[in-house]
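Remarks on the structure that follows.
Per-chain residue numbering starts at 1, and chain names A, B and C are given in the order in which the chains are listed.
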Amino acid sequence: MKYLDEYRDPVLAKKLIAEIHRITTRPWTLMEVCGGQTHTIVKQGIDEALPAGIRMIHGPGCPVCVTPLEQVDKALAIAARPDVIFTSYGDMLRVPGSTTDLLALKARGADVRIVYSPLDAVWIAAANPARQVVFFAIGFETTAPANAMAVAEAARRGIDNFSVLVSHVLVPPAMAAILESPMNRVQAFLAAGHVCAVMGWTEYEPIAARYRVPIVVTGFEPLDLLEGIWLAVRQLEAGRAEVENQYVRAVRREGVPLAQRQIFEVFEVGERSWRGIGEIPASGYHLREAYARFDAERRFAVDEIRTREHPACIAGAILTGEKTPLDCTAYGVLCSPQRPLGAPMVSSEGTCAAFHAAGRGLGLQLRPLLMPTLAPAEAPLAPAEAPLAPAEAPR
Amino acid sequence: MRHPATGHAAQPTATLEADAIACPAPIPEAERVILGHGSGGQLSAALLRDVIVPALGAASPGGVLNDAAVIEVAGSRLAFTTDSYVVSPIRFPGGDIGELAVNGTVNDLAMMGASPVAISLAYVIEEGLPLDELRDITASAARAAERAGVPIVTGDTKVVGRGAADRLFVNTAGIGLVPEGVAPSADGARPGDAVILSGPIGLHGVAVMSVREGLEFEVEIASDTRPLHGLVAALLAAVADVHVLRDPTRGGLSSALNEIATSSGVGIVLDEPAIPIPGPVRAACEMLGLDPLHVANEGVLVAFVPGEAAGAALAALRGLPGGEAAAVIGAVVADHPGMVTVRTIVGSERIVDMLVGEQLPRIC
Amino acid sequence: MCLGIPGKVVEIHDEAGLPMGKVDFGGVRKEACLAYVPETRIGDYVIVHVGFAISRVDEEEALRTLEILATMGDMVETELATMGPGMDAPAVISDEGAAGLLPVPPAAAGGRPGASPPPGGGG
């Protein structure tokens, strides 16, 4: 595949690794933000090929993983309703809520459907005027243009039985929050390439300046990541702290202005709680008042949810990079892809899932095949403490 | 409208108390079957191991789980197998459920080294299925049986109400004769064996996905469904000691290899560039975020043969339709028993895991 | 979720007011909405994420990246961008130079050897 395969060349990869070894004179700690980057790094063993002093910390760049538990529980409550067709990106289906997950709900008869594009959810709504169609609008800024367009199109065409459950999260505030932490050891970032393709990189310049950290906008293929690491280490070795673009074939400094315009027509920045991390100010998108009628949270009045995380899950520490899955005593034993306790094990981009799929830390553990486990537990449909108000009748 | 502060509680403690592990799940559980149990991956294996096999108890003789059972009857060895087909949609590029059902059972017999003797064909039909479709699919099954040289000797037809079956479910069962001295089995792999793949992978799964509602994409790929007993016969004629035969259907190549590695107590090292994966299959997998090693196949087999017999095996396969792209894709080692590994781009080794649960609903 | 892959636009049409393209990903074709990259022409490559083209691939830059990697180790470090005057200000090392874009701090210098301004101003 063009513009993909070329960036997987093993010969060039080894060359880049040799170059990184050549220029590294001191230990450095880097963080890659995006889950897709984590996946490639772990799958290809890139972190293990770097000089011993360079440590890669895997950041909270998996939007599935950081979707707040409250939003997942709200999604479950809404999806359980017989009048609702609940649509979502595939990854969210196995994310555990406080008591169950969307896939288990589907097994019990809820109309839960995977869509490839959010526009598909709008067309489903148009084709099913007697039902309520709700779309779980999660993601980073990369996905916001698509989610925004879905809302805008529904508005334009008067498809009023459509609504969105919004749970967008933003990268720059998360990076700042990590840098603010007194326990932070991250000295340079690989910024998320597709987030920056949409938003550009101007938001990162003040961060680089204020915290004196190099930030390299990086792609997702092995050569992209190696080149991004190389650029970051080069800056660190030279004492520089700038924003640099490795992913030149897809990212321009100003991003895609049309996409940004659409995002800000539909959404505005607000608070957002990140699962496992807590609240980060100004780190999420919410629907603007003009589009509030498409807000599923308003339409279905699901405010009274009380959440409960699994006590053994240390997702928070994993997401900020303070711990790795290898530090988690549940990893590979109680918690595995077929029986995940938390989101980073469910999502294909989650750190724990990436580690597990690559077999890290499982050498001395029982092979998953030998573990006596079955499907994730089933539980009562809606939490008893969350009475649902009747849906607003569509106009 | 600003979202009210959700006031999420402080993050979970990073340290763990011993009793947090001891009593982890306070929720009373009523477990159910989920789609993932049918995917051919780890959940499927768990369902078999933890629910079905124990419930069968003494009724089941136990032993290694292979594609078919081999039973001694009056001095001959009979292979016996059954499979149900629930693919949706029932027609897909390159075939339909009728053809799939016949080929699949012929192949399960072939994986024990057996030549097919007879098969059965049973239908569970959803009310409302057009008769023309039923005719077409049955004709397709008949053609496949004729091509495989096996008669359909018995069958059954049931009709259920609308919604109780997704258009048509098919079950086929088959019996075959296993020649003297032939006994490939999942626990037969030995260090030093060559792992041989008869052809390109991923075609069936991608072909079916491409017409799956909600996912549709255009691709010039057809399912690779075909009977494999001809390839098997050629292989058995060329190689005295075929250790393992398996057709990697649901769960893909990686699931099959993992099962064999575990059954045999050996490790497998794969040579990824040697695995034939057609361009469009790779592209579709990229697009959907899937691993080609997890995608279902219906027209390829893996064979484990002693290393020195690899050349003869390849020559035998490559001379036949369906085997042109046969290749050695790996080797069996004594290291890391039960695990399949592959070389990464940077030169390190990583584990190739089994599919966990549901990848996409019912592709074969 | 960041799953965005490059594909070639082989057809462009309007679907109920939205510009849609048929995109070929190495033999697999799927529709993607082109609303955010309206300047796209047939033959262009775009990055598609959840059914939307979110960026166009700059083919020259793509090639340049590979060329640079291929010659890595032969290059002298000083060939690459350095900070200009105003060393305290965060310099932006931009591959595109400063042609016709939003104001770039004066410390920005040319990017890779042979960098040239991007086609258009993006978006």
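Assume contacts are C-beta pairs under 8 Å (C-beta built on N, C-alpha and C of every residue); 3 or more make two chains touch, one makes a residue touch a chain.
Predicted, not measured: the structure shown is a model, and the values here were computed from it.
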> Just by CA atoms, which chain is the most central one?
Replying inline: A
> So which has more C-beta pairs touching, B-C or A-C?
Replying inline: A-C
>> Report the inter-centroid distance (CA atoms only) between subunit A and subunit B in whole Å.
In response: 32
>> For subunit A versus subunit C, what separation do you get between their C-alpha means, in angstrom?
In response: 23
> How far is the middle of subunit B from the middle of subunit C, if each middle is the mean of its Cα atoms, in Å?
Replying inline: 41
> Multi-chain contacts in subunit A: which residues touch at least two other chains?
Replying inline: 1, 4, 116, 120
>> Counting only residues that touch at least two other chains, what does the list for subunit C look like?
In response: 3, 5, 25-26
> In subunit B, what residues contact two or more other chains?
Replying inline: 279, 282-283, 286, 289
>> Going by the contact rule set out above, which residues of subunit C touch subunit B in the complex?
In response: 3, 5, 22, 25-30
> Which residues, counting only subunit B, touch subunit C once they are in their complex?
Replying inline: 210, 216-221, 278-280, 282-284, 286-287, 289
>> Help me check something: in the complex, which residues belonging to subunit A touch subunit B?
In response: 1, 4, 8, 10, 13-14, 17, 43-46, 48-49, 68-70, 94, 99, 103-104, 106-108, 113-116, 120, 222, 270-273, 275-279, 284, 286-289, 292, 295, 297-298, 303, 307, 309-317, 322-323, 329-330, 334, 337-338, 341, 348, 356-359, 362-363, 367-369, 371-379
>> Per the contact definition, I'd like the list of subunit B residues that touch subunit A in the complex.
In response: 1-14, 16, 20-21, 24-25, 27, 29-37, 42-43, 45-47, 50-51, 214-215, 258, 262, 279, 282-283, 286, 289, 336, 338-339, 341, 344-351, 353-354, 356-358
>> For a test of understanding, state which residues of subunit A touch subunit C in their complex under the given definition.
In response: 1-4, 6-7, 12, 15-16, 18-19, 22, 34-37, 61-64, 89, 91, 116-120, 138-140, 142-143, 145-146, 149, 153, 156, 192-195, 197-198, 201-202, 205-206, 208-209, 220, 223, 227, 234, 240-245, 248-259, 262, 347, 349
